[in-house]
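Before anything else, here's the structure in question.
The chains carry the letters A, B, C, D, E, F and G, assigned in the order they are written, with residues numbered from 1 in each.
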Amino acid sequence: MEYIYAALLLHKAGKKVDENGVKAVLTAAGVAADESRIKALIAALDGVNIEEAISKAAAAPVAVAAAAP
Amino acid sequence: MAVYTHHLPAWKKDEVADIKKHAKEFTLIGLVDMYGIPAQQVQQIRRNLRGKAVIKVTRNTLIEHALGEIGGDTKGLTRFISGHSAVIFSNDNPFKLYKQLEKTKTKMAAKAGETAPEDIVIEKGPTSFKPGPIVGELQQAGIPAAIEGGKVKIRETKTVVKKGAVISAKLADVLVKLDIKPMDVGLALQAAFHDGSLYEPSVLAVDEEKILAQIQLAGQQAFNLSVNAAIPTRETLAAILTKAVRDARGLAIEADVYEKDVIDAIIGKAHRESQAIKSLVK
Amino acid sequence: MEYIYAALLLHKAGKKVDENGVKAVLTAAGVAADESRIKALIAALDGVNIEEAISKAAAAPVAVAAAAP
Amino acid sequence: MEYIYAALLLHKAGKKVDENGVKAVLTAAGVAADESRIKALIAALDGVNIEEAISKAAAAPVAVAAAAP
Amino acid sequence: MEYIYAALLLHKAGKKVDENGVKAVLTAAGVAADESRIKALIAALDGVNIEEAISKAAAAPVAVAAAAP
Amino acid sequence: MEYIYAALLLHKAGKKVDENGVKAVLTAAGVAADESRIKALIAALDGVNIEEAISKAAAAPVAVAAAAP
Amino acid sequence: MEYIYAALLLHKAGKKVDENGVKAVLTAAGVAADESRIKALIAALDGVNIEEAISKAAAAPVAVAAAAP
């Protein structure tokens, strides 16, 4: 999860979620950052609307609950 | 119809006097139609109405005579008198009486030529009949009957007569054999005079479901107003406090105000967000 | 709804919900009370547990809120 | 709650929801109206859109109790 | 709601929730406190378990889902 | 929560939610106000539309529910 | 949310979640960290079992859905 947390931290802080950013954050937290995992993360997030993905996550359980008759 | 104003025999005078006496004792005087109600059932209805209403059965001419003597607006009831009218007295209001009378209605077998009060549906399945002419009778009445395993069976569920349609002699006959009693029989209120107004049955049928729904709505509205406008009452203050705290928690969680009471929820929110992103990244 | 509010007011005030009461309350509110509607209301309320009917209502809005996704 | 119902009655009847109105309605219902509570009610309603406030669902704690398995 | 928050604030601070306290808090907030509203609030608080009402605030939404029939 | 209550009290009363206001309200309630917590509160609320945040939180009750057992 | 992500990141990396750690992570992300918010965060987290809070959050939506009859 550290890599995700780092990405979300950058996103929430209004920063660009890129390799350098994630690496800097992880390093500051004392994590020995794995370059290939960072690359994979950034590649996976390419084209993803993070804000939308997050708000869907918040809404989903409610929908489930409401839908149960 | 002649109105005897003079020379009434003593028993007739007594009947008229009896109606007038009751009219003074009760706040409501009305007419009910006794048509087609067997004597036994009339007794049952009287018993059920004990303490709530009194029914006086007498000749129409005497009812008319008594209404005439009572005079005033009560006389307006006269035009509702029909062949089998009886007088009803009650201290309930006409809507309550109407409700009471509806409750005393019972189911009875249908006679040929009567109108179905609702769709009459014959359910499919076995009957208790042994094979015999009954199969033909059922079929002639439009009921899909057959013999199966030595028993008479209805092959499929069928509506044999629609609401409002006339029940034929053949159908009436098999309905009796099937022990189906589709007719609602009871006293029908023809009109009532109460507290200076004449009430006809058309206005007396109240939609109670609607009124109950309105009660619920009113309760809900009062609760909403009290809570949303923060008007404290003994009944709603707890809900108002809960709403205030929930709003405060909601604000703290949304705005990331790091307080002990909500830090769990903020962590939870961060966790869910992370899970959402993780599921995208894999 | 005025008739209903009048009935509930009487009920909550611990008074008997009868024709005279409803009429008096409506009149005080400046409503030209219709005798026949009052009578119909009283008849409909006969045998109804008002408190129960209302408490069902209190639960309802929550369900409504939950259903609206 | 009788004060709330008095306010709702006046509102629905198209009358002004003021101290005199509420007092008259409560008195007609046989309630010994408390001047201070009436004042509080009127003050709380000041600036409130009653129509909106009655239709906006306020979650009820009753439901919580009822839902507890 | 400001009267309610004043009461909650006093409660949370471990103070007695009374007329003087509520008035002092509102005044400090620059609110021209309405005596009658304060009185009504204090009167209604009698017999209310504030702690319980607060704890419901955190739990309620689960009940919302469960209450939906 | 007293800091949040103070902020909401000011907000609901139509006042500016700033350090001085929060401090005054807390002090009136007998709370020994912690300057740093007040600063943190004001910083967190900076740029936040309080009304919107509340209604958004109400729409996603599951986030709140997480703490419920 | 960036503050909480910084805290979660440190926690997940097995580091102590303290003011210096949070500040370092935020700074690495290019965030001008607000000292008071960091203090408030650390104070709020004091005594909190982060692991437990996370697992509760993960369990909650399921419980909600299961509770609906």
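The rule we apply is simple: a contact is a pair of C-beta atoms (placed from the backbone, for glycine too) under 8 Å apart; a residue touches a chain by one contact, two chains touch by 3 or more.
Predicted, not measured: the structure shown is a model, and the values here were computed from it.
The fewest steps needed to get from chain B to chain F, moving only between touching chains, is 1. Here B-G and A-G were compared by C-beta pairs in contact; the pair with more is A-G. Residue contact pairs shared with C-D exceed half only for one pair among E-F, F-G or D-E, and that pair is E-F. If you average the CA atoms of chain D and of chain G, the two centres end up 44 Å from each other. Chain C and chain G have Cα centroids separated by 51 Å.
Averaging C-alpha coordinates per chain places the centre of chain A 54 Å away from that of chain C. Each chain gets one centre point, the mean of its Cα atoms, and the points for chain E and chain F are 15 Å apart. In chain C, 1, 5, 8, 55, 58-59, 61-63, 65-67 are the positions where the chain touches two or more neighbouring chains simultaneously. Of all residues in chain B, those that touch two or more other chains are 218, 222-224, 230-231, 233, 238-239, 242-249, 256-259, 264-265, 268-270, 272-275. Only residues 36-37, 39-41, 43-44, 62, 65-68 of chain F touch chain G when the two sit together in their complex. Chain G meets chain B in the complex at residues 1, 3-5, 8, 37, 40-41, 43-45, 48, 50, 53-54, 56-58, 60. Touching chain D in their complex are the following residues of chain C: 1-2, 5-6, 8-10, 12-13, 15, 21, 24-31, 55, 58-59, 61-65. Touching chain A in their complex are the following residues of chain B: 269-270, 272-278, 280-282.
The touching residues of chain E, counted against chain D in their complex, run 34-37, 39-41, 43, 53, 56, 59-60, 63-64, 66-67.
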